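Note that the chains take the letters A, B, C and D in the order they are written out, and that residue 1 is the start of every chain.
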Amino acid sequence: MNKRISREELAARIAADIPEGSIVNLGIGAPTLVADYLPRDEEIILHTENGMLGMGPAPEAGWVDPDLINAGKQAVTAVPGAAYFHHADSFGMMRGGHLDVCVLGAFQVAENGDLANWSTGAPGAIPAVGGAMDLAIGAKAVFVMTDLLTKQGESKLVAVCTYPLTGVGCVSRVYTDHAVFDVTADGFAVRDLFGDNTVTELRTITGLDLIDATASVAAGGRP
Amino acid sequence: MIDKRVSTAEEAVAGVADGATVMIGGFGRAGQPIELIDALIAQGAGDLTIVSNNAGNGDTGLAALLAERRVRKIICSFPRQSDSWVFDGLYRDGSIELELVPQGNLAERIRAAGAGIGAFFTPTGVGTLLAEGKETREIDGRIYALEYPIRADVALISARSADRWGNLVYRATARNFGPIMATAAARTVVQVDEFAELGTLDPESVVTPGVFVDRVVAVGERRWLCCGEFIGGVDLEGAALGGASAEQHGGVR
Amino acid sequence: MIDKRVSTAEEAVAGVADGATVMIGGFGRAGQPIELIDALIAQGAGDLTIVSNNAGNGDTGLAALLAERRVRKIICSFPRQSDSWVFDGLYRDGSIELELVPQGNLAERIRAAGAGIGAFFTPTGVGTLLAEGKETREIDGRIYALEYPIRADVALISARSADRWGNLVYRATARNFGPIMATAAARTVVQVDEFAELGTLDPESVVTPGVFVDRVVAVGERRWLCCGEFIGGVDLEGAALGGASAEQHGGVR
Amino acid sequence: MNKRISREELAARIAADIPEGSIVNLGIGAPTLVADYLPRDEEIILHTENGMLGMGPAPEAGWVDPDLINAGKQAVTAVPGAAYFHHADSFGMMRGGHLDVCVLGAFQVAENGDLANWSTGAPGAIPAVGGAMDLAIGAKAVFVMTDLLTKQGESKLVAVCTYPLTGVGCVSRVYTDHAVFDVTADGFAVRDLFGDNTVTELRTITGLDLIDATASVAAGGRP
């Protein structure tokens, strides 16, 4: 029984959906993996909200530049064609809708596209939001990359988020280790199944009334 | 002659009052004005409100200022990091107040202060805990929350180079909050690697015009540069690879 | 490969629809994208709303577009100039609508559109005819008026140089409205003197990152430069001194 | 009888009141004359709202640069230490209160500091405001430079402006060809008399209840 793909496979799957020429912001954590699977013969421009377009991969050993980091505060490089700018300009770029795609992690995504990814609301936890709320509302397409289930086996796709929201109705599509879901006006639509998952099984796992859009997607349609 | 250069970090931070609001540039360690913060620690001002994206890393810079219990409140977007143990401890025992602001709203509120904007409607945070109690309005079918400027008495920032008029150029992503904080404080204090002769900075490439700068101090070239060229050989904290830590050599920037 | 370069000004302005809102960069003649405007005249779109600081100079560029009666409305700060006879005539005979906006509010409204700000409170114009009917509010003891973003379908701007990603650098005060208009239009079209190889523009000095640019056309180096160096020899209209007018040589920028 | 000083003398008088290190914007028209009288051995930085700090004098013949103009669209130069920026940054600089002094022309200035300098409200006139309203509210000190009387002999200092306002309560000081007036909470205070003008005569000419502050100014006080 093969119900899940690996995080690397998922990153590759997301990368394949990003057209050449896109301006893309990859959130901290798993989404940064997507960069490794972007086709090397295509130009896709990476934005990092701490002030750069044209972010390149990690530097070679010995060439870490403490002045050149990504939003996750990891060392990166600049590709030819890069540009630096200050924080107000960088977030204006996001808020103004100039990014094509951002890929974010999630604790929960609701049927209406609500995203919760910054706080579990646990008492005593130190809150920290960073750029999550800006990213959530700041791209033409907001992709979520996540396991479908928590470690406790609960669905991260939910009818209504119970964790504090990051953004309202902002998610376009959810890439999970089980399947890909589009957020539609009528709820989640299963776009793509991984392994031997079925829509029926996913309905059981998530407890949601999922739309089966696999046929229309296979036929080239877009929900 | 206009000359905003001062000789020491001590002179640069002189006059910060108890209870002042102090903006501190940097995103994590990048662009954090370590020498100015060290001077502020020595200067002694307390009961400060700090505006900075993060709440300190490790035990140096902003973290050291927090550890001295000189900060009453911090306004930031991302206090919790893998190396933010100083802040974490103070927060958990109730010794520091936190105002959490989404990063883009933080940047825009600082920019608004510098640009004379009274308030602005932003879509970021709407419908979340961080916009609770804020005025909202639907404009062209989208909901926005009203946010107000954040001003400071003093901004401490870091840049690559300055001339005596205070014109600044930065380096890579260490630019981050420097240019906007410079506009939003009654007094802007800058540490740079080195001074440039007036007229040698390209007017097309000056990022912060000197009008926004009050004092500049040169603290020496960052360890990973040599005559302005990147030479590598350090880790992300700026410590020499395979050698002693940068802190032992007088701090990182 | 990302390549925003097009071969002709005609291709650059293709697709502008009747009734479109078009931003046109420039402050007076400086930075006015003359070749793009000429191409827009040839392209034929009409019933346009123009957003530009001025309402045309002499008989070329924006003035020529107005003379063709292709503009329904203009949003600007300073239509009346010594050489704005084309606009003056149209305005006096009721053939063109004018929305007059203080220059800083014009700039900030364009910037707000690009930066996703829903509206903002500005002190400029409060208590004057130009803020009549606008919502006002007292914030921290000062009165502000609420202003909304200005967006466009197309922006036509001029820069000094661009790479194929659309990264732009400008020249002197010809920069003016270019960088903000580039952010506020659904499609930004740029004329530059010449293209630069990708990677040759300094990432620290790029003023408009390519994300804001859709099409770029090279129209040849401005008359008063030679290989990027200023050589003078022209009047303020860009006409060669003591010789034929620049218009006879194919227009000015 | 010497009641008036020349425009050039007035420009020199204003220039003498601008301290070294000031950031100054000189409005279109007569105020640009002030630049010619700024002390050459002192550094005063000129701002032009079309995107430059560090504006220098007009270029020599043959060296006009059409890309390098002031707000009046005249050819200028850049001094060492200059910086260029875009219009939103330039007006943010003004609106944010970062200029020390701006010098403007006027049709009328009211006792409460209201300024009218952009429109006479004449029917059929084409309105144009440019940066006037931004300048009026955009400097720590707003100086007006004007003749005291119109060509028709009417006082430009008034109890209440009858022309459309440029800014409310924004003027700090009015430099006229007859005298210098400070705007105070109690109305205009005569700071400095030119030629053989007297406060009494100026009260008659303006029809205003002017405060005589000449003694306190002469004694080094500031009203």
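Here is the rule we use: contacts are C-beta pairs under 8 Å (C-beta built on N, C-alpha and C of every residue); 3 or more make two chains touch, one makes a residue touch a chain.
Being a predicted model, the structure only gives us computed values, none of them experimental.
Novice: With contacts defined as at the top, give the pair, A-B or B-D, that has more of them.
Specialist: A-B
Novice: Between subunit A and subunit B, tell me the centre distance in angstrom, where each centre is the average of that chain's C-alpha atoms.
Specialist: Centres of subunit A and subunit B (C-alpha means) sit 29 Å apart.
Novice: Nearest whole angstrom, what separates the Cα centre of subunit A from the Cα centre of subunit C?
Specialist: One centre to the other, that is 36 Å.
Novice: Using the touch rule from the top of the page, what residues of subunit A touch 2 or more other chains?
Specialist: 52, 78, 84-85, 88, 91-92, 94-95, 138
Novice: Out of subunit C, which residues touch more than one other chain, so two or more?
Specialist: Subunit C, residues with two or more chain partners: 108, 111, 115-117, 122-123, 170-172, 203-204, 207.
Novice: Testing understanding: with touching defined as stated, what is the shape of the graph linking the protein chains, line, ring, star, complete or other?
Specialist: other
Novice: Which chains touch, pair by pair?
Specialist: A-B, A-C, B-C, B-D, C-D
Novice: Would you mind writing out the residues of subunit C in touch with subunit D in their complex?
Specialist: 27-31, 53, 77-81, 87-88, 91-92, 98, 100-108, 110-111, 122-130, 143, 170-180, 207, 222, 224, 230, 232-238, 241, 252
Novice: Which of the residues in subunit C end up touching subunit B in this complex?
Specialist: 108, 112, 115-123, 137, 139-140, 142, 144, 148, 169-172, 202-205, 207
Novice: Note which residues of subunit C are touching subunit A in the complex, please.
Specialist: Residues 1-2, 111, 113-117, 163, 165, 167, 183, 198-199, 201, 203-204, 206, 209-212.
Novice: Along subunit A, where are the residues that touch subunit B in the complex?
Specialist: My answer: residues 48-52, 59, 62-69, 73-75, 78, 84-88, 90-92, 94-95, 114, 119, 124, 126-134, 137-138, 164-168.
Novice: Under the touch definition given earlier, write down the residues of subunit A that touch subunit C in their complex.
Specialist: Counting only subunit A, the residues touching subunit C are 20-21, 23, 42-43, 45, 47, 52-54, 78, 80-85, 88, 91-99, 138.
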